[in-house]
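My questions all concern the structure below.
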């Protein structure tokens, strides 16, 4: 299994039936195909649809139905369409249960940087800030390090912030962290990663409170 | 013709085809039956309907269709229903062309007092303030004096204000006033009223700029 | 969150309301008011010291007027208490506290409560009795006042139609404050005239998406 | 105000736009964008020095991307310039000014512009680059920033369906910013897929009531 699929699969286990979930571009977008049909999750896309269904079959493409990545989607029975103010009212008002998103950096206190690289690419923010601030639970999915080996979990973000203290859960290919009392804590090792592996891939000290993995 | 009907009839002449009009309780509510069917006016009621039609016939009463006075109405073809936040967004945002309303007092600078009597009855404001502030044009319809003979156009309102400088036109049974450069000016005498009659029924000095009455 | 498995009894639904709670109740007068839920609150609940956010406090002995007669309302937030003379009398006798809000501000504040907006500036009410104690600020030469959002523990709303997921559709002027209140409470209970299968309300016709609705109750 | 007598030509509609104007353009990317009106603005109008308020500045050579290539955009207010690399290049070259706004704030500010709200406090963006120059204020322990409304001279929107009065109905995710922009401009022109008789859209299904719409144009 591809490393990004493994991260997506572990993040998917955080979702509970009945929850309204917004999925970001990248790793989070791999979650739908990993979820069972009976997962009971309702997908929200900030461009105005609750009840996002699978990609359309060839020949069934509807140009009026896209997701936030502007890719074609379908609407499930029971879907609701709404304007952007209503959509972000849902997000900002705390009615979206979970946002799963990618990040460039996450600080050990849960600050998230996921929209811009300093000095360039500060011209697109989209709904990133709204989602990170508004969703009841924010799950960050990312590889532990950049392609060049720099840890993405850091003491303080050096990339432009999306929001402070916003990450509730961080899932990498090595580990799951949860924010407790304002700091990310290592709660689970993934695959055959050791605590030392995680420390080596993390640019900040952290507490360890390993939990039994629930059976599922 | 009843004095209130005469006031309503004169106020109705201020309305132009295509305008969206909100009518208050009392004299303004007499306007619909005085308007021709081809007047081309669109009636808005702040409880959530644009395109208010006549009162329903007996046996056609729809409990889900009422006006702001909670009286049964009909919806004309092309009517739109909306929630209260949208309805007041229309009002506050300046999308309702005209509000015609009653008042207890209007000051010579156009301040309107139409929702409360000092010391009692300060428990119901409804949409009065929103309408007086938000409508593009505010037409006040009222008898020139109270039943006990007190003028209703005054130097300064002694009743609790609805909004400052809001009345654009005031129609009584004696006269039409228009607000120009921040002050009400007498522009038209009604019935057989003289300027002296109007002065006697008005508790503030005012300018006189009589206009030819348009033919209609 | 959406976990609705068929309608529940109104008595069960109002058990979510505890003494001291703030409760939003939809309706413009009795039009679009959740009368079955109000009756259940009157008859099957002991919760008192309630703060009621509703455009009116019912009419004498009708709708919220029943709850008023029981002496269970501590405070009302409304735009028009006057439609129930018993509410006016209760305020004047000091039996309930009254907060009067212009109707558009009332609607906007509930919307803000549901939309995560911490405050907004409106010109409505500036310079009047109803601006007392509120911050004033001039924008573009026009005085505005700062209004804060309204939120509740429980919202009781009425819709003509729901699907089995809890998507709501309102009819005519029975919509009024209901869709706003549905967004602004910890728990939203929707009383509905009918429940249709999932998919029977087209996506574009959903007025209140199901994520706002925690339970459905059928009108009696 | 509603005085619509049938659809007008797109070239006539865009004549409302003058040099130096602020123009809102609906759509999320090209979905729900009024492409016929944009083409008319590109081909049949000389207006330049425009401020464009739109979630994106089109795509390279498509939608607003055509207007960008003509050098007629002075400033863009958007949440995502990045979808058009030519817009990014134009900003970086100093050819256009860019104001980046979080998408929810962008939507809410347009709604505020149409709703007569002079400002609102949102937690979104507080403490970030995008809060620079904005007033910060803490409510209930959470930093918020004050956002001001967005308004325009002309709004160009797209709806799948209109009736002859100008009531609009949007389909699926082509709704997005269109209903908001329709409320926030001095003049609103709606490009529509079809025009149906008055009464063919039921009152509960009207998304944009006709009082917001000044002219209708058919999609080509």
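The chains carry the letters A, B, C and D, assigned in the order they are written, with residues numbered from 1 in each.
What we mean here is this: a contact is a pair of C-beta atoms (placed from the backbone, for glycine too) under 8 Å apart; a residue touches a chain by one contact, two chains touch by 3 or more.
Just so it is clear, the model here is predicted, and its values are computed rather than measured.
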item	value
Steps needed, at minimum, to go from chain A to chain B via contacts	2
Intersection of the contact lists for chain B and chain D	C
Result of counting contacting C-beta pairs for A-C and A-D, higher pair	A-D
Rounded Å distance, chain C centre to chain D centre (Cα mean)	32
Distance between chain centroids, defined by C-alpha means - chain B, chain C (Å)	29
Approximate Å spacing (C-alpha centroids) for the pair chain A, chain C	34
Overlap residues in chain C, where contacts from two or more other chains coincide	108, 111, 115-117, 122-123, 170-172, 175, 203-204, 207
Numbers and ranges of chain A residues touching at least 2 other chains	49, 75, 81-82, 88-89, 91-92, 134
All touching chain pairs, where touch follows the definition stated at the start	A-C, A-D, B-C, B-D, C-D
Chain C partner contacts - residues on chain B that touch it in the complex	45-49, 62-66, 70, 75, 81-85, 87-89, 91-92, 116, 121-130, 133-134, 160-164
Touch list for chain C against partner chain D, complex	108, 112, 115-123, 139-140, 142, 144, 169-172, 175, 203-205, 207
Complex contacts: residues of chain B adjacent to chain D	17-20, 42, 44, 49-51, 75, 77-82, 88-97, 134
Of chain D, residues touching chain A in the complex	28-29, 31-32, 55, 79-83, 87-88, 91, 98, 100-108, 110-111, 122-130, 160, 170-180, 207
Residues of chain D defined as touching chain B within the complex	1-3, 111, 113-117, 163-165, 167, 183, 198-199, 203-204, 206, 209-212
